[in-house]
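Chains: A, B and C, in written order; residue numbering restarts at 1 for each.
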Amino acid sequence: MTTLLKIQNLKKQFGGLTAVNDVSFSVAEGETVALLGPNGSGKTTVINMISGAFAPTSGRIVLAGENIAGLAPNRIAHKGIARTFQLVRILPSLSVAENVMAALAFRPNHLWGTEARDRAEHLLLEVGLGGRGHEHANDLTYIDQKRMELARALAAEPRLLLLDEWLSGLNPTELGVGIDLITSLGQRGMTILLVEHIMEAVRALCSRAVVMNVGTKIADGPTADVLADPAVIVAYLGDGHA
Amino acid sequence: MLSTLITGLVLGGTYALVAMGLTLQYGISRIMNLAYGETLIFAAFAAFLLFTTFGINPILGLVIILPVAFAVGYVIYGVMMQPLVTRSKKSGTLEVDSILATFGLLFVIQGVMLVAFGSNYTSYNYLNVGINVLGANIAANRLLAFALAVIIGATLFYVLTRTRWGTTIRAIAVNPNAAPLVGIDVNRTARFAFALGTMLAASGGVMISMYQTFNASMGVVFTMKALVIVIMGGLGNLMGALVAGLLLGVVETLVATYVDPGLTLAATYLIFLAVLLWKPAGLFGKAAGR
Amino acid sequence: MTRTILGFALVALGLAALAWLPTQVGAYGVGLLLGMTGYVVLASAWALFSGPTRYVSLATVAFFGIGAYTVAVLSETLPYWAVLLVAAGIGLAVALVVGLATLRLAGVYFVIFTFGLAELIRQLVTWYEVNVTGTLGRYIFLPISPEQIYWQLLALAALTIGIGWLIARSRLGLALKVIGDDETVAAHTGIDISGVKLALFAVSATIITLVGAIQAPRWTYVEPSIVFNPTISFLTLIMALLGGANRLWGPALGAIPLFLLFEWLSANFPSHYSIILGLMFIAIVFVVPRGVLAGVEDLWKRLRRKGEAA
């Protein structure tokens, strides 16, 4: 397996606070990797640095051999990284189809006009929103907004997909649907890095997991091993449970 | 050279005071006030009227003008800005709305002054005698203006850094959203800060009337200079405004003396451009001096 | 589709009628038409950039003045069309410099910068004329009649509104909507936000420069304080706001009545002109903040909803 994403000694400081300290890990082509850790451990900060929302204080983020650390988010998007947001972000004044077309229209080999419309409809079908492109994005239910956001990320045809707690807030039935959806993406060879709190989903989806605590990496390996690691259990549940 | 430097510092003192008022209005009240310079010129005319008609010297004039300016600022905020602030809680358009509304205000005040005083340059003679400072000859009125700027500026600084009320104000500048959580009435403080800013503009106007000619359509230039100083010092940063104001006064005087008086504004803008390109958060960073 | 064709036919018909109008109204009428069309272009061009981005540009007269002054300087050395091209080029270059310096930053920096830009350029030109060329004030002797100026402005108006129409249907238009909704999403879907803003600002500023250049022959005598008159920025802004800066026809709709009103005001109340202007400005911000067109649309929607409910 070739390495797609390589994070090296990544560090981020906000003023005096070190949110991410010397984190290194890599993601191979076609792999689905979980980035785990309790609240405030720096996972989302890592995702934000990979996607370009923040520039790292130091360290390298290498995508397919190219260091992309510190590039503007639109440049990074063009390098082939797409993401969803922890709190779903829709474009409220646009229709569902237009939300997806926005990503189609500004990717490197952009689509426009009927081509874009057809492709958007196809992507919406894929995430379970077939035939609902004309609806207002604002009128969608929470799960459907999440689906739309995923379709928008997929529209970019990314080499690496970043999912920031995409499954959170779903009811058990929706969760099953969501897991199936991500599984099918993985089976098609998509490389995915996901931040998730729902362990059931992590076990089902990810062959490997990286765990962070207070800004540093504390474990990295096959999911089952990592979740059984005493250090990880302490980080999640506190000393009393180890 | 030395006399140029001192003249520059004296001018910069007024600038710094004026810019501190603007930074109070923007940093705490969140109002970008484009009519700021008009307020200043209005106070200059008031000082002129008091001096020429009633024979009241500008120092006593300050005692009359400053409370009036504070009251006027208080009323303007209540009548014009408060509704915009309330409205923007939903739409998030305070910045644009305040710019547009104060732009309108600019023309109203300027129009009133044009009707009342015409468009000619005005000045009066007060303490226009040379005084020797370190071998440089400086007009007494300029020195007095500088002394006043130092007194007013120092009082303001003391109030903002040493009193409970000052802490309140600075808390809002740092985090307007968290301020209500610790029991701060943001609206009342914003109104107070706006009025205080108006008062500082007026004090600057009185000082300028003491040593410089002025006319009804000059306000815009002062607003611009104050804005440039505020940005150089970092938005909402009082200490930054002070240093940047002094700096601008010196640069202007140097350019006027050694290059060409017609290019002072160009010099101001050149500095502005450099700051925007190189350090948009201001010369002293964001957190400095608060 | 048929509706679009019908719309185009109507616009073409309207343009033909407007182009024919000068033969009917006499010299004073042509002067009014010319001034009005000038402001229609200025307001529409202003809104092209400031409408969707909400960056309040106070630099209109800076570009207008650049256009006019370029004509004054070059009208005797270059053919007319070349002068227009040079003027547009200078306007574009200045817009790019200003845009690159300010559009990466928060909107307030842009406002402040444009606020003084006209004054800066006016002082620089004055300084240059006095110190380098030794002349302040220039004459423009170009054999261009008011009718011809009017026709050029009319063509520019059609072009400007046409550009607005095209942008709304282009990727640039979609980019603007996305940026308006959520800048973070815009950046992460690959939109170059400052690039989009810069492009729009450049287009808008170039058109405004051309208005100044085309109108310059009207003056015969030009000096910096005439062509860099800040009232022009102010009027443009208020017209676009009144009609609605986010609507294709909004600025034009605001420009026509306000232009006539201001003509009447400056003839009858010259000394109270600026007070009345300022008060109107404040009134617009308070009463119709999104423009008359948007206000009417809201009202229409509410009425229809009421009708459906009944």
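FYI, contacts are C-beta pairs under 8 Å (C-beta built on N, C-alpha and C of every residue); 3 or more make two chains touch, one makes a residue touch a chain.
Because the structure is a prediction, the values reported are computed rather than measured.
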Pairwise touch network: line, ring, star, complete, or other: line
Innermost chain, where centres are averages of C-alpha coordinates: C
Cα-centroid distance, chain B relative to chain C, in whole angstrom: 32
Mean-CA-position distance for chain B and chain A (Å): 49
Chain A-chain C separation of Cα centroids, rounded to whole Å: 44
Contact set on chain A toward chain C in their complex: 51-53, 72-74, 77-78, 82-83, 85, 89-94, 98, 101-103, 105-108, 110, 112, 152, 156
Partner chain B, residues of chain C touching it in the complex: 54, 56, 58, 101-102, 104-105, 107-109, 111-113, 115-116, 119-120, 123-124, 126-127, 130-131, 230, 234, 237, 241, 271-282, 284-286, 289
Contact set on chain C toward chain A in their complex: 171, 174-175, 177-178, 180-182, 184-193
Complex contact set, residues of chain B against chain C: 32, 34, 80, 83-84, 87, 93, 95-97, 99-101, 103-112, 114-115, 220-221, 223-224, 227-228, 231, 235, 260, 262-263, 265-266, 269, 272-273, 276-277, 280
